[in-house]
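The following block contains the structure, expressed as structure tokens.
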Amino acid sequence: MKFHIPNALVVSHKKIGDKIYSLIFNAPEIANSASPGQFVHIRCSNGLDPLLRRPISINDVDKEKGLVSIWYQVVGKGTEFLSKVKVGECLDVIGALGRGFDSNIDGKNVLLIGGGMGIAPLIYLGSVISKKNTVRGIFGGRNKDVIPCILSESNFDYELCTEDGSIGREGLVTDLLEDQLHKEKIDAIYSCGPKPMLTAMQRISSREEIPLQVSLEAVMACGVGACLGCAFKGYRDGEEAWLKVCKDGPVFWDSEVKW
Amino acid sequence: MKEVKLSVDVAGIQMKNPVMTASGTFGFGEVYEDFFSNELLGAMVVKGVTLKARKGNSAPRLVETPAGLINSIGLENPGVKVVLQELLPSLKKYDVPVIVNISGNVVEEYGELAGLLSSSSVVKGLEVNISCPNVKEGGMAFGSSPEMAAKVIREVKKSTNLPVIAKLSPNVTNVVEIALAVEEAGADAISLINTLLGMVIDIKRKKPVLGNIMGGLSGPAVRPVAVRMVWQVAQRVKVPVIGMGGISTAEDALQFIMAGATAVAIGTGQFVNPCCCVDVIKGLEDFCRKNGIKNINDLRGVAWNE
Amino acid sequence: MKEVKLSVDVAGIQMKNPVMTASGTFGFGEVYEDFFSNELLGAMVVKGVTLKARKGNSAPRLVETPAGLINSIGLENPGVKVVLQELLPSLKKYDVPVIVNISGNVVEEYGELAGLLSSSSVVKGLEVNISCPNVKEGGMAFGSSPEMAAKVIREVKKSTNLPVIAKLSPNVTNVVEIALAVEEAGADAISLINTLLGMVIDIKRKKPVLGNIMGGLSGPAVRPVAVRMVWQVAQRVKVPVIGMGGISTAEDALQFIMAGATAVAIGTGQFVNPCCCVDVIKGLEDFCRKNGIKNINDLRGVAWNE
Amino acid sequence: MKFHIPNALVVSHKKIGDKIYSLIFNAPEIANSASPGQFVHIRCSNGLDPLLRRPISINDVDKEKGLVSIWYQVVGKGTEFLSKVKVGECLDVIGALGRGFDSNIDGKNVLLIGGGMGIAPLIYLGSVISKKNTVRGIFGGRNKDVIPCILSESNFDYELCTEDGSIGREGLVTDLLEDQLHKEKIDAIYSCGPKPMLTAMQRISSREEIPLQVSLEAVMACGVGACLGCAFKGYRDGEEAWLKVCKDGPVFWDSEVKW
């Protein structure tokens, strides 16, 4: 079930990095129906420019209080407008949208590999699946500026790395991943981040024959499968097809993606 | 004030209000069910259907522009057979007319599609897309000359008893000429506008943004062009006109109605506000009530008066 | 990095950078002097001039639309005589080419205007407006058929040795066809686009907003259509293309240049930011410097490459 | 001389009535060159919707501090955006624009007649000409909501009236004007307000043969005489012509207007 909440009250809005913000809004329907990997579709301005909503992953929910948290980075007009919203004002939000991660698992040894803002949905995923599984996060980015500073609040173990070593280990998430693969048997990898990182994940996971789920991005209009605009080339029932990130994903199995 | 009469008759298609979905922005009626009941709509116009399944154009297919959206979907659809067997039957449950938008590569395909779709009891009308800017063969080319446009409409009329709506392209020198040609050829109504051909260049990559290079511009940016074309056409044809292009509020819809449209359709506006159609319907009713208008049909073309 | 070469040659008109003012948005060069020195411009294109003085259309003449502006000025100007005697001489002091935009009611008037203006040493080029949507006779009609367009250009060419720029209308089915026709007729360059025909209805007054009912849509809303037309035309003609329509930043201008424009013009953007032209010039230089482009001409049409 | 100040600091922004605001920004060039009746042209949003600037009369200037004050009423998108601007943020302003009132007068008995937001420029005018002339204001509006509540700060005498008597006398400004005309000889009337009010002024002033200046409005694009868009039918050198509100006005002599 998808909900349109035209007046979701903003209860918290904080800067948590260089151009990175954490925003929490009240939307009980979305909080209650969401699952990790799903996203919300946010109207960033009341005007007609920018016209379209912007998709942002759900970073966490508080079902009891009816709250939804997102992390976002200012990269253009929409997110710039969003960053101006004040606590006490309202947001126009649709959610929870899309197909999330397969979180219905038990007793598995799972790695969450996130890059930059791709860490956001993995926090939510980790907090849900860590109840019944062994979960470890490997999160990275170019430098410490792109790593949200409130990460420490997560309720599962994780390691950080940056390319310049400004926070965590110096190196790429793939380096840490390889290390981890030497140490223990991994049952599944869930990943979200820039395309090159995902491609690297795919290479490693297929070599190791570990099931992989990745969260993809595409420019979106409707966010609900109406416009067929967010297409990317993948496979459905073994045949090449234009999958829709907003509806068939944003989370896909390795095998669904044409790498 | 008592009830406001919002119902309209578009070429025999009875609509409880003048608001329909624009083809290609509503899937096959399933996508917005979580947000509002389809039952509330004046009519449902479903995604463009072709004879064979089409995979659509390569990605990226969308780019936002100032107050607008360019799409180059390329008529992705599962083909008329699957549409008839799997998608349309589920729409039977709504007491709302279903209009199917059709596209052919060649003139004959339009006739074939019309024939096939006429067999369905769900379908209450055909919208003939001779204005798609996103396909190589046919598409907009059919809507660019009065002769070709008329030919397609005649072919469709031969193959169906359903009301036939010609959907015109705004990318023409003289839209009235095309409108008169399709009316003469038997079109029972006219839809306008389809999208304006446009493109955006990604200056970082030094390439067009869209995989298909060009696409169709829709949304508020094109509204002034759409209102102008409805104004021009509605004064010259006898058949009803369905106005669309950039509608996102009741005020926008009223511009089209006052310019002469019998009904309106909403596309891009739905992407921004998933409840756009129902908000517009409510807004039309409010406007009529506040202004003492008993029947929405009384507003049609009022702006023509000196 | 060393100096970036921004200068361009438009049909023999030497411009120190590719940025010019769009006709009708810069008066006769006097209005923006408080904000920047005209000396900085690539070229000055002045308001559309007609043989006789024109009072222009009735008010209101402007209406804002989403990311756009509709105007129906109707070529208000004091006539070519006053322009030659009183307005152009003061532009002599700038080391910047002056291009005069001309409009006629009938073909012969274009020739007459061209002849008269050629006598002025200030005038470095003529932009032939066969695309004005705001006048009853002539105007857009001339730009709507390849034959008429060519006829006007031939008439102008007969009467002048100045470079002749044909300014085309976007309100046509096939802009390439018109472009080829004016090139064939001798046009030395092509400007596009003029405004898109549009209108807005005031739903409170139940009437068109503009005194003249319809007007020309400009501004960011139309940019995707303008870029597309420049892209289509520049790949087919040999003469230089001047791109315009919705430019307000250097990034916007670069889209046009990468689509194949040799120079660009700025209209509505100036109303929003009076320093728009100089900001764009500076932005072009910055872009080139940052991206290691030594000569702006190297960016022309780069988006055509596969 | 006109100035473009892309970053005029907002130093004060207050609600002074129902949907009416007073805003003061720093722009020494404008403050120093302005004269009463001129206006500023303000960009109300950084986005492209609304696209155009909005003309607002100068309500007062503080030449020493380099400040410009305006009063405006929220009537649509542009003024709505404007009302969201915070103290400490910047506005993009052009000014001072247009031809103002003829304020180069001495020893005259002058009436300033203002309606609604039309009061704003008359405050500035009054404060300038009251130094050398006898000035009296007659200000009115439908009800007290449309009368800025900080009016009392003006430095010349005035009377208020509203149609419903909710503040000042009950009645129209024309009623008070007629009263005043009975009491004393008036040398000039300067007026700004809704069109019907101005038309009434014209009727009375021509009957009494008192010189009248009025400030007119029109939708504007450039604000500087470039677009020829803000045309209204008037007279120039005795002949009918489309005058431009932004350049030939906004203030016109009675005789220039085609009533």
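We call the chains A, B, C and D, going by the order they appear; numbering starts again at 1 in every chain.
Basically, contacts are C-beta pairs under 8 Å (C-beta built on N, C-alpha and C of every residue); 3 or more make two chains touch, one makes a residue touch a chain.
It should be emphasised that the depicted structure is a prediction, and the values quoted were computed from it without experimental measurement.
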Query = Where centres are the averaged C-alpha coordinates, which chain has the largest centre distance to subunit B?
reply = D
Query = Counting in whole Å, what is the centre-to-centre distance of subunit A and subunit B, each centre being its mean C-alpha position?
reply = 36
Ask   = Whole-Å distance, subunit A centre to subunit D centre, using C-alpha means?
value = 53
Task = Would you kindly tell me how far, in whole Å, the mean C-alpha position of subunit C lies from that of subunit A?
result = 47
Key: Multi-chain contact sites of subunit B, meaning residues that touch two or more partners   = 66-68, 219-220
Ask   = What are the residue numbers in subunit D that touch two or more other chains?
value = 48-50
Request  = Could you draw the chains as nodes, link the ones that touch, and say if you get a line, ring, star, complete or other?
outcome  = complete
Message = Residue numbers of subunit B touching subunit D in their complex, please.
response = 66-67, 220
Request  = Spell out the part of subunit B that touches subunit A in their complex, as residue ranges.
outcome  = 24-27, 31-32, 34-35, 47, 55-56, 58-64, 66-69, 71, 73, 76, 219-220, 248, 268, 270-275
Task = Name, in rising order, each residue of subunit C that touches subunit B in their complex.
result = 65-68, 70, 144-145, 171-174, 196-201, 203, 206-208, 214, 217, 219-225, 227-228, 231, 246, 251, 254-255, 258-259, 287, 299, 302-303, 305
Query = Considering the complex alone, what residue numbers of subunit A touch subunit C?
reply = 48-49
Task = Under the touch definition given earlier, write down the residues of subunit D that touch subunit A in their complex.
result = 45, 47-50, 77, 81
